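Chains here go by letter, A, B and C, matching the order in which they are written, and residues are numbered from 1 within each.
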Amino acid sequence: MCQTAIKLSEVSSMVKKATKLMAFMFVILMTLVLTACQKAPEQTAQTPAKPEKPEVILATTTSTQDSGLLDVIIPAFEKKTGYKIKTISVGTGQALAMGEKGEADVLLVHAPDAEKKVVASGSAINRRLVMHNDFVLVGPAEDAAKIKGKTVGESLKAISAASIPFISRGDDSGTHKLEQNLWKVISIKPQGTGWYQETGAGMGQTLKIADEKKGYTIADRATYLAQAKNITLKILVEGDAKLLNIYHVMEVNPEKFNKVNKEGAKAFADYLLSSEGQALIAAFGKDKYGQALFTADGGKTEKDFGL
Amino acid sequence: MQPAIVELTGVKVYRNNRLTLNIEHLTIAPGELVAIAGPNGAGKSTLLQVVNMLLPYQQGTLNLFGKAINKQSELNIARRQSSMMFQETLLVNGTVYDNVALPLIFRKYPKEKIRELVMSALQTFQCQHLAKRQARQLSGGEAQRVGLARALVFQPRLLLLDEPFAALDTASRTAILTDLKQVAVQNKLTVILISHNFNEVLTFADRVVVLAGGAVIQDDKPEVVLRRPATREVASLVDMDNVLPCHMETEAAQTIVRLDGGVIFPYNRSVTSKAKACCLPGDAIYILNEKAPSPEQPLVTVSVRVAGITPGIGTYKVSVAVDELSLIARVPREQTLGLVIGEKITIGFSPDEVQLI
Amino acid sequence: MDNIWQDPEILAVAWLTIKVSGLATGISVIIGIPLGLWLALNEFYGKKFVVSVVNFGMGLPPVVVGLVVSLLLWRYGPLGMLGIMYTPWAMILAQAFIASPIIAGLSFAAISSLNPNMRLQLLSLGASRWQANMLLIREAKLGLLAAVMAGFGGVVSEVGASMMVGGNIKGQTRVLTTATVMEVGKGNYDIALALSFILLLVAYSVVAALTYLQNRTIR
């Protein structure tokens, strides 16, 4: 994955406005697509029959929400089907816990090991791969540990050996779980050392902290790109297979929890994997960053990634 | 005959398992100006609050305006005919007019009637110039006048006062009481006034009820209580000049009283129980000399030495002593001219003026 | 930066903040002031205990309230059939739980500080119990308005409970406090500052209005 130059001159509020403008444009686009077959010019959109149970609770993670993807997908889905999505973006642990208690209808998370446990316990069904993005190992431009271009395993070893500050999310999020796995694989236990710091904060904030402390950290590409103009950290390691961040969608098991909106959950999950949804996913980010933030993988499984 | 305004029979009030009020029988007739006196904690405020139905009683009956008070509706009717004032100035935020109008607003009088009654009440107590003033800005005396106007604006038949003028200076107090007495007499208003100040009682009331420990210990005209207190407590309440320890003997159906200093005299008034002390008002003691004419009655005479002279208006207080006996005499000013401290004089008093307690 | 003020989404978030906290405070006033009045005017066995419970409620951590209300409102919780989890009504409920003890406790203090004979005086002048209580409330206006300000301030500024029961859903339950925390989490400190400023503005306007009301009684 190659980097393209990102303009750093825009004020954050204008960026936010631009994202909203894009979302708005996508909605208009979808509306136009939907009305293509309509004859009457007055009608704006075909209003679908309102479903019996319109409210669907989607439990997802803060990084998924913060990437802005859902601000595009959800309005499109709502317009098409008449469902109303309540997005609850919390930590990965809480999102999965909601699923296990039947307090959500559909889950969109990126912590494969934990997800499998939830499916095994019978709380979730229909686990399907939706998309992936990747993590990048970022750090100060000076790169005191000289990790640029190395593999992720070698980089972490180098950072540990040089005792350069490494900032971890430390909050059991999908990002954090992935990071912990990486340390485990190279048999290093960084907890308790002075240079390894756990923030317990969100991704964007963690990036800012790493920037302040001139340390290294692992971030998902989308959040990094969103923050890039505000920080001096640079992408030093990317593309390693171990840095893949894979998203699955799961429906909460209606047989186990009878209050679950099973039609709504299925509709949303299906939409994510529909050609329309996948197209939205594949296009997201191009306008703002010049590159797509996610890769749509509908139909694939983890085996396709060698996992 | 008009029924009594207030009648209590066998009323008992308990607070924290203590008997704080125990009234065997108390009747107050319409138009009476009654003072309630007594030491602190005697139950005076309790009595007033029971009469105003602000405090429940555990035993006995209370009749107000001729009716026994049992039901809530009767209570409301009775309450509307009585009025009460406390020691603190309890005016609400607002103008004097707003305050005095309150009882009429509670009773939902029409606006014009309110105006008429309020201005008339203010005028009665000479506060009409204060009508638009903020209640907070009044002086103590002005505030209590306004309080009185408010208490009487709806023309109640019974007024209960819990030492409302205690915090005022003597001049203001006397002035308000004079005005109040005039209003009361004019309107045949029954007033029950709690007071610590016996002078106030003397100027204002026709009758004084002395309470101690929750019970009535004396109920009589103020002059009588003043000169013949029933107990030591009442004696100290009326500021009796001379309270002397004494020894009572009975000799052949004649009671003999023995005081310190060798004073002995026969006592002819009725005696209820073994008295340990006796009272003698200061103005019942005369200085006997060639100048003053001695009064007719047989006097007990004592030779004493002058110990001190305290001036006053009209009468001077002369303290005299012999051996362990000290007395205070109140004599006209002329009789003290030429008196010197340490001088030996003879004083006399009539045994009838002595009150055994 | 000045685009923030015209941003309809931010205005919607501010308006929702006012509606939710305003309504919650209103409900708390209806519960809290009569409760404080009743406590101040009545003696009964165990009064000290009840007052201590109310005072404890004043210091109740909002996040604990949020957790408890969540447990009640979750689908499989006892009140799940109401279906109000993740809606503004859940936030209003949680905030009312937070503000009511504050308003009750401070009202109790305000009315207790009035002269105890004042009530007797009003009754003896012919007031009904209702008329007397209304006048007492007017007399204690200063303290009572302070109680309302404290209650409003407490809920408009809290984030834990609102986040938990509301979910910070865009366009539905996002208020200024939860939006600020979200922006901080994303690292957008400047947007967070702008939102904080708006929150301070909202809080100040309401408190200024109440203070004006409070001062009208003192002339």
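As a working rule, a contact is a pair of C-beta atoms (placed from the backbone, for glycine too) under 8 Å apart; a residue touches a chain by one contact, two chains touch by 3 or more.
Owing to the predicted nature of the structure, the values given are computational and were not obtained by experimental measurement.
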item	value
Least step count from chain A to chain C, where 1 means the two chains touch	1
Chain centroid nearest the full-protein CA centroid	C
Whole-Å separation of chain centres (CA-atom averages), chain A against chain C	37
Between chain A and chain B, centroid-to-centroid distance (C-alpha), Å	90
Centre distance in Å when chain B and chain C are each reduced to the mean of their C-alpha atoms	54
Overlap residues in chain B, where contacts from two or more other chains coincide	none
Footprint of chain B on chain C - complex, ascending	115, 117-118, 120-128, 131, 135, 138-139, 141, 217, 219
Chain A residues within the chain C interface of the complex	11-14, 16-17, 20, 57, 62, 66, 71, 86-89, 101-103, 201-205, 207-208, 223, 226-227, 230, 257, 259
Touching residues (chain side chain B, partner chain C) in the complex	49, 52, 54, 76, 79-80, 82-86, 88, 90, 92-93, 102-103, 106-107, 134, 150-151, 154, 160
For the chain C and chain A complex, residues of the former touching the latter	1, 3-4, 7, 9, 74-76, 80, 85-86, 167-170, 172, 184-191, 194
